[in-house]
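Okay, got some structures for you below.
Below, chain A partners chain B and then partners chain C, in two separate complexes.
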Partner chain A sequence: MVPRELLPIIVVLITLYLVVIAFSYWGVHRIKRGVYAKDTEIKRRLYELAILKEIADRTVYSLNIKKILDVIVGSLNQFLEYSVVSYMLLEPSKVVFKADLERSVSISFIKDIRTRMLGSLSALLGRDLSAVEVEETITGAIMMGVTEEPVRSYFNIPLVIGDQLVGVLTVSHTKAGLYKESEMEILYKIVNQASQAVSKLEDVVKTEQGKIAAMLESMLEGVVMTDLDYRVIAANPAAEAVIGYKGEGVPTIFNFIDAFNESLDIRSKLEEAIKLDKVLTINEVIFNNKYYQVVVSPVKSNIGLTRGQTLGGVIILHDVTHEKEAEKMRNDFTSMIVHELRSPLGNIKKIGEMMRSSKILEDKQASSEYVSMLYESSSSMLDLVNDLLDVAKLEAGKFSVEKSSVDIKEILSERMKFFEATARDAGINMNLIVAEGVPNSVSVDAKRITQVLNNLFSNALIYTLKGGTVTAICFLHKKGQTISDEALAVSAPWVSDSMSLDTTILPDSVVVAVTDTGEGITSENIEKLFNKFTQFASSTRDSEHKGTGLGLVIVKGIIDAHGGVVGVGSKLKSGSTFYFTIPL
Partner chain B sequence: MEQAEQYKAVMAEIIAKQSIILGPDMAIARAKKVSGIGVNEKGEITEVSGDPAEALKNLIDTYVELSGQIVKNALGPIFTKYPDIKQ
Partner chain C sequence: MIKKILIIDDDKIFSKILRDGLIAGGEGKYEVIAAFDGEEGFDVAIREKPDLIMLDMMMPKVTGIEFLRRYRKEESGKDTPVIVETQLSDLEKMSEGVELGVRGYIIKSDYSLDTILRQVEDILK
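So, the complex of A and B:
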């Protein structure tokens, strides 16, 4: 028996014991709960890290949001309880809906989820999607008609790539109030990180595509890229211009096939290039009055798993019309030179044949005439050869002048006298105007300036009709004044039409000009006057005034070598003024 | 309608719209965490304490924080109905 007086102490001790036991139990329980919560948190974190790593690995080489979502959907059961996880992706003409069933649900459950997801997308887009075609794929557990459990818990995660809504991910369950905010937020975090990864990769790809597109757009050659089914993936503006395509979007291969029709079978060439795995070059394709060199080549991947694999084909359309024109001009020029040499050579041959006859040699007058003709023909040939040599020197940059102090007025006057006989025979008047102040001594290559004047006088006399006038003019130019005003000031006949050069910037110079009252030159032909090839083309049109057209090319070369300029003014049916300057 | 009531109506409509977009579980859970408003299980606004404009801003921000700017863009039609309330 316990003494009565000890009872309260025993009660207190028992109470204390019970309290300690209760506290210990509560403490252990609390610790257990903490450990469990930590364990759950660690599990979540591990899942989060694992899934983010898998997503990161996939996004390294994939921009396909579908694949990323499949990764999330495929591993979600490690972390969340659900009946169905589904995603819906927006495509241009339809919506792709995929549902993965963790456990059997009814058809109406799927229908309900689909409706809710479409509702979410409609609310985000601000337009009704209920009538849009839905391509449905159901995987996982089988659907059972007998289970009529409705959707009691669900949440949606909008899928956004680069600020654009691409779809929605939905987790749903037949149980009510299942999802805690923290759990939902983790999935939001995972999806957002995946979206950001894809957005970043898309940005990189877009930047690279932009660079390629800019390069393609800036190319003068037409470039058309196709896939293995000959669908046009890209065509630059130059390629569109070749076929005259003005439609919306990228042209199709049929646009190119139709355009080239009989000129080139584009598709066969593409097939051949891809099949034989080699670059084909078609050198001369005439299309729309233009010449093209067409290169058709297979396109191969040089990166990743597809390295070496043929991805499609490329067609390069190189406009070679200008090259062809230049080639024609060169050929025409060669023909002209041959023709110009052939004529005097033919004369020399004929005279030689005749002079072999003793009878001709006995006739002194006839012999003298034939010798003169031989001299003229050989001189003509020599002039042509000299002209060609001068042009060759000019083009090679080896043309030089030997300057000395001479009286340019004297050279001009002497040349006037030389051509006066020719002018008189042609019924053309010749005048000379020399203004006051022209120095008696100017540093020039007298021989070359004589050559220049010969060309200008000879041209003026050729193109001036009987009764017309050729005037030689010499005056001083002061910097800041226009040569035309200065010419008019000395009452010189001056044709300023089509003169484009700003002469006010020229330094103080002596100006020498020849003005005729001839047929004039069109402004279009003025531009061609100093071009070796184009001048020839205009000369040959005029059967009356044959020539190589090299004279003015050489004139310009000589004056350039003196540091001066050559100018032309002309008016049709009125005449022309050719002038040159010699800086003082 | 009184402006305080207008704010309550706008906020209720936002929660309703977000319930369609995100699902009611998430939309209401987020709304409940917003300071300055009381929200019941149905997503209705039970009380607004303090500045209603500030509460509205916080409510929108909580959804933007979760899903980005796209959810804010979807709220445009609601604000057109309440021209006195700035988004």
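So, the complex of A and C:
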């Protein structure tokens, strides 16, 4: 038996035991509940993440907000209970309303949420939308007139893209008490993520569009893009410049068709390119005195569902005038050389024929005439061939000079004497001015310098009229002085440099010049003097001294090889000075 | 009747050979005069009223085509037959020559005096 006095203690202990058990049971339960709650929470989170990921995956390549919303609407029933999910989107001229019925609801239910959504959109925008046209699409379960259950639960989320309100998304239910703000976190997240995706993509697209626009703007080629109906979508400034378009905004295709009217049928070329799906290249379109290469090509999509589809056409206008001119210059040059070589050759042949067949050989005077004609023809050919070889050497960089110590003054006076006979025949005076201090020995290629002087003297004599004067000048140049001042100091006739050469920087040199009192050269022609393709010979050269104009090209090459410079000064109707320097 | 032929050519050697050839080959039928550029040629043509002109195309100052354009506007130059001296490579550029009433061509680097004589004879008949 348990002693009586122990009974209360036992009772207390039992009570304590019971209390402990009760407490522990409660505690375990609590823990269990907590664990369960946590488990649910984690499951919910994982689920949220899965959905977010799925939506993100589906939305990231789609720019269209409607498509994104359709994706959201399509996957929402997996974690949210509702009768109807709907969205309303703002478009420039209307409002798009789309409702997806999870279960059948009445027509008035739809009407109700529609009114509510329009109301909240108006409120968010601060603008009355009641008069705006609403484009309505209902999908999912059927609407039934019999169920008259009203909207008892309703939740609205604004859709914001890049800080701009574009619409609202709504879930609604005939059951009451759903959609507490705290429970709608996932919906917020989904919508948020979708909006962010769209904003980001819009940024990317804007940047890309900006890049493409900048590229188009800076292109030298004219670029015109059209859609399938030949409407101009974009035209860069170069394209506008080609047709001289000065209007506001993008020019229309008619601006281009009209402008190219005579030169090219742009419309039919576009049609051909798009219909036959091929790139057309039209060379040599002459338009406004310029040559264009025109490329017309279909434009195809290379992204998304439209990949490979033709979206329109592009016209590229490439100005090839410069290339054409260069080509013409080369051709002119070649045909001139051919002419210059053929004429004497043809003559040589004919002289031989004449001497063989007719009685010329019996006439002493006639035969000596024919012999000198033979000599003239063959030497003019040889001169030309030598000139061509020199130019070829210059261009190949294989032109070299063999320098030795010579008296350049002597070469100059010797050449003077050589040309004096020609000058006398033409009624032209010749003078020689040699200043003090020119050294007796300069290191040059005597043969080449003779060639240079031949060119300068014969040119001067060609362009000087009867009664005129050709003066050869030789003096010293000191670094820091200008050559024209130094020439004036020795009272030499001098036409100041037209090539705006800074002669003060030239080292101490011997200057040799030939000044004539001829017709002078225009500044435009001076620029062409030393270019083998652009010599102005054919139009101005005297008939007796026709040539290829290669002389000065070679002169420059020879002087360059000596480390000197060639300069020209000319004044129309009064004369020219050609000079060269040989550094000491 | 002696026919007057004017050669307008800046190539003096060619001009002389042609002249000698025409005189020798024509056996006294032709009087041959020469001018050495288009400008001089124009003055001589107006002054001398030749029966035939042998015209070089590639000349300084006034080219053959320029000469023809001017000459055809003159009363005395309207119908005067012209034989053009040119290079084979320039033949394609000669379409304007046809419009300007060119009657014949001589390819300068490859001519035969006999052919020229026949051509001249045909035209002056």
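Just so we're on the same page, the second predicted complex is superposed on the first by the 356 of 584 C-alpha atoms of A that agree within 3 Å, B and C clash if a C-alpha of one lies under 4 Å from a C-alpha of the other, contacts with A are read in each partner's own complex, and residues count from 1 in each chain.
The rule we apply is simple: contacts are C-beta pairs under 8 Å (C-beta built on N, C-alpha and C of every residue); 3 or more make two chains touch, one makes a residue touch a chain.
Keep in mind that this is a model prediction, so the values were computed, not measured.
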item	value
Touched partner set for A:Lys350, first chain B, second chain C, both or neither	second
First (chain B), second (chain C), both or neither touched by A:Phe530	neither
Partner chain(s) touched by A:Leu124 [first = chain B, second = chain C, both, neither]	first
Partner chain(s) touched by A:Arg342 [first = chain B, second = chain C, both, neither]	second
Touching partner for A:Ser377 - first (chain B), second (chain C), both, neither	second
First (chain B), second (chain C), both or neither touched by A:Asp163	first
Which superposed partner A:Ser153 touches (first chain B, second chain C, both, neither)	first
Interface residues, chain C side, partner chain A - complex	10-14, 16-17, 20-21, 24, 36-37, 58-61, 87, 89-90, 108-111, 113
Sites on chain A touched by chain C in the complex	335, 338-339, 342-347, 350-351, 353-354, 358, 360, 366, 369, 373, 376-377, 538-544, 546
For the chain A and chain B complex, residues of the former touching the latter	116, 119-120, 123-126, 153-158, 160, 163, 165, 170, 177, 179, 181, 184-185, 188, 192
Complex contact set, residues of chain B against chain A	17, 20-23, 25-26, 29-30, 66-71, 73-74, 76-77
